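The following block contains the structure, expressed as structure tokens.
Per-chain numbering from 1; labels A, B, C and D assigned in written order.
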Amino acid sequence: MAAIETTSSAKPGAAARPNWLMRDLLGLAVILAVAAIGYFLFPNNLALLTRILGVALLVLSIDLVTGFCGVATLGHAALFGAGAYASGIAAVHFGITDPLLMVVVGAFGGAVAGVVSGAVILRGHGLAQLVLSIAVVHLFHEAANKASAYTGGSDGLSGIAPDPVFGLFAFDLWGRTAYGFAVALVVIAFVVLRLITRSPFGMLCRGIKEDPIRIRAMGASVQGTLLKMYVISGAVAGVGGALNAISTQVVGLDSLSFTLSAEALVMLVLGGTGSLYGALIGTVSFMWFEDFVSAANPFHWLTIVGALLIAVVLFAPRGLYGTALALVDRFRRTGK
Amino acid sequence: MKKSVLAALAVLALSGTAFADTIKVGVVGPFSGPFAIQGKNFKAGIDAWIALNGAKVGDDDIEIVYRDLPAADPAQSKALAQELVVKEGVQYLAGFYFTPDAMAVTPLLEQANVPLVVMNAATSAIVTKSPLVVRTSFTTWQTSAPMARVARERGVKKVITVVSDYGPGVDSENAFKTTFTAEGGEIVDSVRMPLSTNDFSPIMQRVKDSGADAVFAFLPSGPTTLGFVKAYNENGLAKAGVQFLAPGDLTQESDLPALGEAASGLLTTFHYAVSHDSAENKTFVEAARKAIGNPAELSFPSVGAYDGMHVIYKMIEATGGEQDAQKAVDAVKGLAWESPRGPVSIDAESRHITQNIYLREVAKAEDGTFYNKEIATFEKQGDPGLAALK
Amino acid sequence: MTAVFQVQNLNKAFGGLAVTQDVSITMNPGDRVALIGPNGAGKTTFVNLVTGHLEPDSGKVLLGGNDVTSLSPTLRVRQGLVRSFQVTRLFPDMTPEEHLALAVMQRTGRTGAIFGHYQAKPDVMAEVAELLRTLGLDHIATRKVAEIAYGQQRLLEIALALALRPKVLLLDEPAAGVPQSDTPRIEAALAGLPADLAVLMIEHDMDLVFRFARRVIVLAAGAIIFDGSPADVTRDARVREAYLGSYANDRSAA
Amino acid sequence: MPDASGLLLDHTMQTVLSVGIDALAYGMVLFVISIGLSVTMGLMRVVNLAHGAFAMIGGYIASYATQTLGLGYGVAILAAVVGTIIIAVPVERFLYRRIYGAPELTQVLMTIGITFCVIGIANYVFGPTLKTIPLPEALRGPVDLGFRSIAAHKLFAIACGVAVAGALWYLIERTSFGVKLRASVDNAAMAASLGVRTRIVYAVSFAVAVGLAAFGGIVGAELLPIEPYYALRYMVTFLVVVSVGGAGSIPGALLACLLLGAIDTTGRYLLPEYGEFFFYLAVIAIVCVFPRGLLGRRS
């Protein structure tokens, strides 16, 4: 996968088009292959795999604002949790139990939360931005705790009973339906995000990350663009939250927590920012590692996870994917 | 390398189901993280049960499979439970320290044909979520309501309630309020404080200003109780004669060494004190202390786990090791036995434990350590919270 | 001919210190004006006031007859007032082709589109190719900017400004930091700027000023002290005074 | 009825004073713990999320020294500060030195990793229970201020805050080390070319920051008790306080701690249910108005 990404097109114009298209299709094929391998290799661990996919959507959504736009945030779970609660409340209090509709509601909830938190967070830069994002996620958390009539407060919102998907596939004990549903959502999100990041709007966002002053000098609005990206990011996180609500059938306050925000950011940095593949790789490796280590030693796994993070900074400073890319790149150059 | 590990895991998973006469019990609890001590107590209670009763029921070997869930995280809870059922093939699910984690598992039970024995999570509603849930711990209503009667008996007329602003806190506040006003007392003020509160002085100022005779408090066991109890003393409330009333979460035995002199004389109501004077408890404490390592760490979740194992063994006996969740649950409805905490029974209708609630006072033992000294008993208490739900 | 760009009686003071005093400039399409002045003359402040990054205490900025004084910097850009930067401000991870495509799409209002790819837009690609060819950048069109030479980056700065099809172009020292060997290419690029474009160049290099400008404005202590032909500027006593101080007379004597 | 209204006024005044004292004490505790973080974040430009971990290490050493070794409070503080610095020196040498000047997110990853490790190790070595540091007789119990009583250790914390603020100000503004530090921060290359050994300056500043963390951990232990999750539990609080004050500014940090302490305390007195809202809304408001912190330096 890494090698595919580096074979950059040499010629401008239409001739290069099939090149990136091919790369994306290949990337997609790899994701589907990994998803299938996961299904057949771990038929009894589908719940964990589904959970990983839900968090992967959150990490992808952080990547949109952090990796592509350069916005530092430790409060992105606010968007994820908003999506989870939106779809959960829709199911419990308004009888919207069709999973697809719940996903739509979740995406909408996430997008609204994206507008709100974006409007606050984008007022600062750097450290101030981090602090604003922390404040936002705490406010969301506290609001959900207070609105216990709707959210169930700290006891969690239970009683979410989604209908079968398309009326055919019920959510079963083995989590097969949930897993298939999750894979479908992640693949769709991946394709859409791939298109968005390559679009003119995506280029504008990358430009803002690299030099907002130049973007302004081109006559584009930085705040407006970032806010729009926050909405998109919110929708993606919201889908992740909805997936979480549908597959777990309970939404807890942890889905709006600083801890989840920080953990997801760690996964992103671990995988490598600014690349959708990095986000996916970071999520899968972190959560798989965490699950593996915590099952092996439920009492002291945190130390090992900490050591892993330190090792990554020391030996793979651009994240797993970024560093792998750089290595491949160097290898190709010296090979020539 | 990753692949070989995965392959090894897959093999393990297959071999796990190979022994037909091993019955697995999946226990989910906080074995790491900020609540690790409560998870340790789960394990100590289970280990004590097995040490005293063996790891066999009839011909079947019992195997416990632990899964770590450091904080309330229903999604992870469900994933773990699903993995335990599907991959490990457990016939019983048990443990669960936090309410949302237990709630997340209830929808699975019927399809999985697995009973859930809740060893701690204390919100009344859990047992209503599935007919396959049995609880051997307590509810916040159950332990808080008797305190209102204690207060009235002691001539307290005006009370201010101070609770952490989250589910159990609100439950506790409601339980006390309901009972206290029914008994003719007056609640002069109710304060809900954020879980993240570190400095309780302003809260104590509120208590002082309220003119109450006593303060009823609920905080989750752990670091904040220390600050709260100290603030109560340092702000002169104890001296001013404002009584301190709380359910036993505040003075759990593992926190007492840290609370020290500051806790001395505090009144709490709870279902279990490590100091409970009975033969059953002596045996239990000895075994559980051995299991936990540091005797000072033993506290209430251990007895929930111990009795939970008792119930599970009864279920296995009744089903002869066959997987039949409904039959298993039916078998323990109305079951009564002598627990380390005193006489208990499983209410046939609610599947929640009926037990004695004790009034305790923190006292200093001869060796200088502090303990919860039982001074009065409320016998055979059900869960008033369930009634309040209706 | 109608004026495309007017600055009327612009004033700005920081605290008690006047940094721009009653500055007025009028430019017509096709003008090639150089703005010069000694260090601290207030050139940067002037640029910031004109582009909208600073708010003037009084005075107006007009673009094609419209008052833009209260408009934000980005809106001024959209009205045709474009600037280049003294120190290149480019996106190190993007290619020249992407830079120009982004600018073209921004100008034509298509950067809001969340789907589609610039390479799939023939008109954008044609215009980008044209710009790349004009400025001699086509052979490095798909290299990352971080990897191309500084002289080429300066050319890309100019191309980027042109891609926005400005009416008025503010060039802030377009040749700053460029090695001697590359300056002819910059000058060629400047000579090739569209004939109807009004260009205001801020520059220190007098050789470049004389070759490029048909009119020179000298700013000193925040005020215009000279506005006339390049031929006259060196003969003006106030200019000599401003630049050379008391040495001016000595040198003329020598 | 002039008497009644006078009484009422008197009572209000008393309450205001009383809450004010609480706010001051809480703010000062925050200040003593977080000021070290302000040094690492502002002067060394490292987003050091492991700051609380060092405070916790200090607390554990002090607890061990008093409870197990039976040392006195003062000696224990000294031992804890020195011990924490000794632990921190190799950490600085081998880990932090790699992330000076790295992107913020990399620093976040590394320092969270360090925090996890410290938590895990503390849990393993000391177990999951609360650890206390017994106060000396003089600091135990309440002191009567006339209108109310206050815990003696809170007065001690206030005094420590004032002393730390003064000492740091003196160190940075009045000593040759301070000159070197400020020079290294403003322009490391220039300072190096002037003969300042920036690595040593950084190492010493780091040691000072860590020592302050340890000291704060002990002094604040009555309000923020020592347990393995200390490092994560209060991470956000420290980060917020330092950023609101303006990283690197001692008066800024002091001001922020007093202000946020006051908001937090008053909020918790008046409307405890919405205490959390109050606090974070105030943080948002302050950060929006002062993006670089209350007294942050312009860069």
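What we mean here is this: contacts are C-beta pairs under 8 Å (C-beta built on N, C-alpha and C of every residue); 3 or more make two chains touch, one makes a residue touch a chain.
Everything numeric in this text was worked out from a predicted model, so none of it was measured.
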{"item": "Topological distance between chain A and chain C, in contact steps", "value": "1"}
{"item": "Longest centre-to-centre distance from chain C, chain (CA-based)", "value": "B"}
{"item": "Rounded Å distance between chain A and chain B, as computed from the means of their C-alpha atoms", "value": "36"}
{"item": "Centroid spacing, where centroids are CA-atom means, of chain B and chain C in whole angstrom", "value": "73"}
{"item": "Averaged-CA centre spacing for the pair chain D and chain A, given as whole angstrom", "value": "34"}
{"item": "Residues of chain D whose C-beta touches two or more other chains", "value": "123, 273, 276"}
{"item": "Multi-partner residues of chain C (at least 2 other chains)", "value": "none"}
{"item": "For chain A, residues contacting two or more additional chains", "value": "142, 146, 299-302"}
{"item": "Every chain pair in contact, whichever chains are involved", "value": "A-B, A-C, A-D, B-D"}
{"item": "Complex interface listing, chain D residues touching chain B", "value": "15, 18-19, 22, 25-26, 29, 123, 127-132, 141-142, 148-151, 154, 222-225, 227-230, 232-234, 237, 264-266, 268-269, 272-273, 275-276"}
{"item": "Interface residues, chain C side, partner chain A - complex", "value": "51, 73-75, 77-78, 82-83, 85, 89-94, 97-98, 101-103, 105-107, 110-120, 125, 128-129, 132, 138, 141-142, 160, 164"}
{"item": "Touch list for chain B against partner chain A, complex", "value": "5-6, 9-10, 13, 31-33, 36, 66-68, 71-76, 78-83, 85-87, 99-101, 103-104, 106-108, 111-112, 123, 125, 129, 165-168, 170, 194"}
{"item": "Footprint of chain B on chain A - complex, ascending", "value": "41-42, 44-48, 50-51, 54, 142, 145-146, 148, 152-156, 158-159, 161, 172-175, 244, 247-255, 259, 292, 294-295, 298-302"}
{"item": "Residue numbers on chain D that touch chain A, as the complex places them", "value": "41, 47, 95, 98-99, 102, 104-106, 108-110, 112-121, 123-124, 236, 239-240, 243-244, 247, 273, 276-277, 280-281, 283-284, 287-288, 291-293"}
